């Protein structure tokens, strides 16, 4: 779960990481009032897109009046397809240097990693690898002061600025661990005279740990269908084709999409019904797929935890109670396969044995309809 | 010889009295796995299929040798249960649950390393020495003894591949589910190193997917250290970049972890990549004919 | 540093470990008021001695009047030589079971250890070893819930009581680590119906970590001389003989005491001037020794970090400015030995080369005076 | 052969620019120790006696091989500095400072074990391979090459014993200060195991004291595993029980760690215990004559 910049900065403030003076507002008048107190300000639209600067989501105002005008322009607008409901109005900083700091997790190393660069302020993906300092952290000791000192040395910092960066890094690590963050990024970390200030805050909380992070605000960035799928415990991603897909397991679902593409079709979605989805869950998943009005639906089940008869029963239930107006192609193997095939036969469907044959059929149906 | 598990491996089941735990304990026992004890806090003294249940792993260890353990514990308690098994000295820990917080996975991985425990998962279907010992939730009927080692990041897709292998007359030696999460205990490289040494394994099938760099690292390792034929299948060719498909595994970022990049790295290491799952058996057959 | 029971319980309350209702008071009338609110109470004198129960430091009162009487008797009295300034007035618990829980450090294992016993309520030193459950903790993971559960299993606990004990153990470990405790002991931990309550609290904080434990109260349990020695950075223990001893290093100081005993003398103290004591520190140490009016003083220096000339200069300074009315035996070897001997010679003393000769001489002087 | 340190051991000094650090760096260099670099945060770029000073251990490691390190860092920062050295991969870390919080000592000990670093101290005078390499603050003139290995819990008392040995014509092979704190990296047993293997050591002197159980454990180990003669001297015979004498080492509690108990255990293992320091050399001489 990504946090809005202003939420990230509230978290920073809680842990003592300095952020620019300012606040988040939802109406232009409040922006004016804030700018009146602060002076020259930067106005930043609060959307979960990384490219706000380039797309006009960030502006500067020297007077309260300008701040209100800017706020009025931003609020209610859309940025990278996302509605701007809130803006952050902050003191415009005198920028002497811009640094980049981040904590994230390296799956290959199985360790937290600290990333830093003296080239802050630009998109880190555009910074050449050799200018990014990457230090893997030993989970047995975490981020210790010596590592933070080494980072400041390699960033070419010294004195009071180095000490503040060490302090900020240690606090970032506390947030990272205590708040179950997957990513914590400050870009840029601004050096302004002798002061070091987090001018931006990008925080992503581990979805799997939200149950124990009750203190955090909840941010929703999924589409309605994705959200509905998540609520019934499924993993769903919207795509732009016409063949709706349901399979059990991320790998086999992707393989199904690959097969559809291989035979020339286009998938409408990725829907991983996961391990052990029961009748009700599977039925709800089917309803989700129907709601997007695909030309056909392919269900690809290799039953392990998932029972073939449950899937067939779910299909029968939806067909009988809600109706399925499009052709459905089903591939069914594994646990309780025979009973599942029987149920399907009772509902007029002969299940496939091989997934590529099912995929080819689904593509054929989509092409013909 | 086999990899990780043997015919006489003494297995503990943590969370044995739950729905999943009890169902799969029966499946494992039917497969021939020596499940010697179960743990379920508060249920000590009960039994399941004649398998004694204890309140803690330490209590089970007072009465049994515990070579390996499998966790069915719900995600919020899985870290603690994993620590418990590792602390009790199991050699192999299969951490089945999905949705484990990644910081918990980091902690468990680090502790397993300190204690020298082989950690399989989290978010894995388990590991099986075909015909000898299965620790996991994979459907038993597909895992018949043979000479192909299989290592996979995803579950069902692995069953699919193992199913096509079986249909083509290939049994499996050891099949390992690495787990679909970002942080898991074993890597392709770890398993490849074991299978290279394993006298029962003659060819190796890698089932990978887009995202991460595990396949690329494996390719490097294969080039330098693996003499046995390796065949790969990768899921996610058609996935659009930047979308997370499924739990945590499949995502392409910064142009890394792409399908094309992985295929190139593997081909470079002499590993043919099947375009479709059902092509895997013929590639295996071809590699063994050479 | 040992904490008084009431301080330990304040710490417990801060971390959510249940303690009996009550409070600490310094005048009998407050005890009466408290007992009026609570009902039947236990009144416990707040001294740092482990044997309060046996020596009358703990009493029970069924009425506010009795509580006042008891408080009046205790306050101002002395217990094991310690003045009772404060008493704890607490609700008298219905006791169904008494358990023992402790966290401390095992030097041989280099690990924290958790001690527990179903035989709580009595002095743990009197509990047979086989009834004490000892579990060493791996510093890489600390005290995890599974270990606490195993403890409750071995204590024969179950249900709500077991869950509360697990919770208390996890909180004890947090205190142990976060407050730099060397020892954390609850004896007894009372099971009262379905409730589990810490009826006592013994907490010892690591002296070396006090600098970072500013939130803790400071407790002084040393004699005036010990305190004065500590303030100038020396380690000092009062003994009951007549030969004052100063040496540099705990081992060599003990060896000096051993030699004095070997030759039939009795040491007045243990004073480890430590590594690298300078002129001023050494002079102050000498003054401390003089203040106790010994028959003689032996100074045993094997100079490493400590410089012999510094020790000699300190001796000269004290002799010339304050006066040293008793004979002093000095043994001096090591760093800057020659210069040190010269200074001593200028002050009328010939230093010994061998420590056992110096010790023998000191014993002889003490016997003759 | 020697124990822990060799003539070519490359040594780092952490806290090299402080009073103690700079003084003892000179002493070590004069003794012949190869001090190749120093660390002092904020003083990178300076030099001491021609030894380059760096801001961090990682910076020093960019330019030097670092086999061992010695810490002169003040106690509140010692844990961090110790982690830094261990993380940089030094094989031996001498942690000199006293008054290290015991929880810090626990953390450093655990991390040293994870990384396989030999931790000497905290609160130690150091370790010396006589005539080859000294890492510590012991007065150089007493540490001349010879065939007696010495291992001690206390500092000055160890110098005293080494001094009497030297006066009697005995040089030392390796001398190790375990450290006077409750939690230290090395035990008597660890060092005895090394000295038993060491071709330069013909007899071993243990300098112990009352309190703890280190001497008793050593006695058990000697009985079973040490063939070389071992002589002991123990301080604290006259100390009253329950009093803490000095920093943390010497205290008798629960009837354990008493002088009599330690003497009995050692005698049981065939280890004679000198009653007075100056008797040690004659016991050593006697043991070597056998």
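A, B, C and D are the chain letters, set down in written order, and residue numbers restart from 1 in every chain.
Quick note on the criterion: a contact is a pair of C-beta atoms (placed from the backbone, for glycine too) under 8 Å apart; a residue touches a chain by one contact, two chains touch by 3 or more.
Model, not experiment: these values are computed from the prediction.
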**OP:** Please state, in steps, how far chain C lies from chain A along the shortest route of touching chains.
**Re:** 2
Subject >> C-D against A-D, pair bridged by the larger set of C-beta contacts >> reply: C-D
Original post:
Of all the other chains, whose mean CA position lies farthest from chain D?
Top reply: A
Original post:
How many angstrom lie between the CA centroids of chain B and chain D, rounded to a whole number?
Top reply: 46
**OP:** Return the distance between the CA-based centres of chain A and chain B, expressed in whole Å.
**Re:** 27
Original post:
How big is the gap, in whole Å, between where the Cα atoms of chain A centre and where those of chain D centre?
Top reply: 54
**OP:** Return the residues of chain D touching two or more other chains; collapse runs of consecutive numbers into ranges.
**Re:** 107, 110, 114
Subject >> Touching two or more other chains - residue numbers and ranges from chain C >> reply: 138, 140
Subject >> Of chain C, residues touching chain B in the complex >> reply: 138, 140-141, 144-147, 149-150, 153, 158
Original post:
Along chain A, where are the residues that touch chain B in the complex?
Top reply: 105, 107-108, 110-112, 125, 138-140, 177, 180, 182, 206, 208-209, 211-212, 235, 237, 239, 247-255, 257-262, 267, 270, 272, 274-276, 302-305, 333-335, 354-356
**OP:** Give every residue of chain D touching chain A within the complex, in rising order.
**Re:** 41-42, 44, 55-59, 77, 80-81, 83-84, 87, 107, 110-111, 114
**OP:** Over in the complex, which chain B residues touch chain A? Could you list them?
**Re:** 20, 75-76, 98-107, 109-110, 114, 125, 137-139, 152-160, 163, 180, 182-185, 187, 207, 209-210, 212-214, 217, 235-240, 243-247, 249-250, 254, 275-278
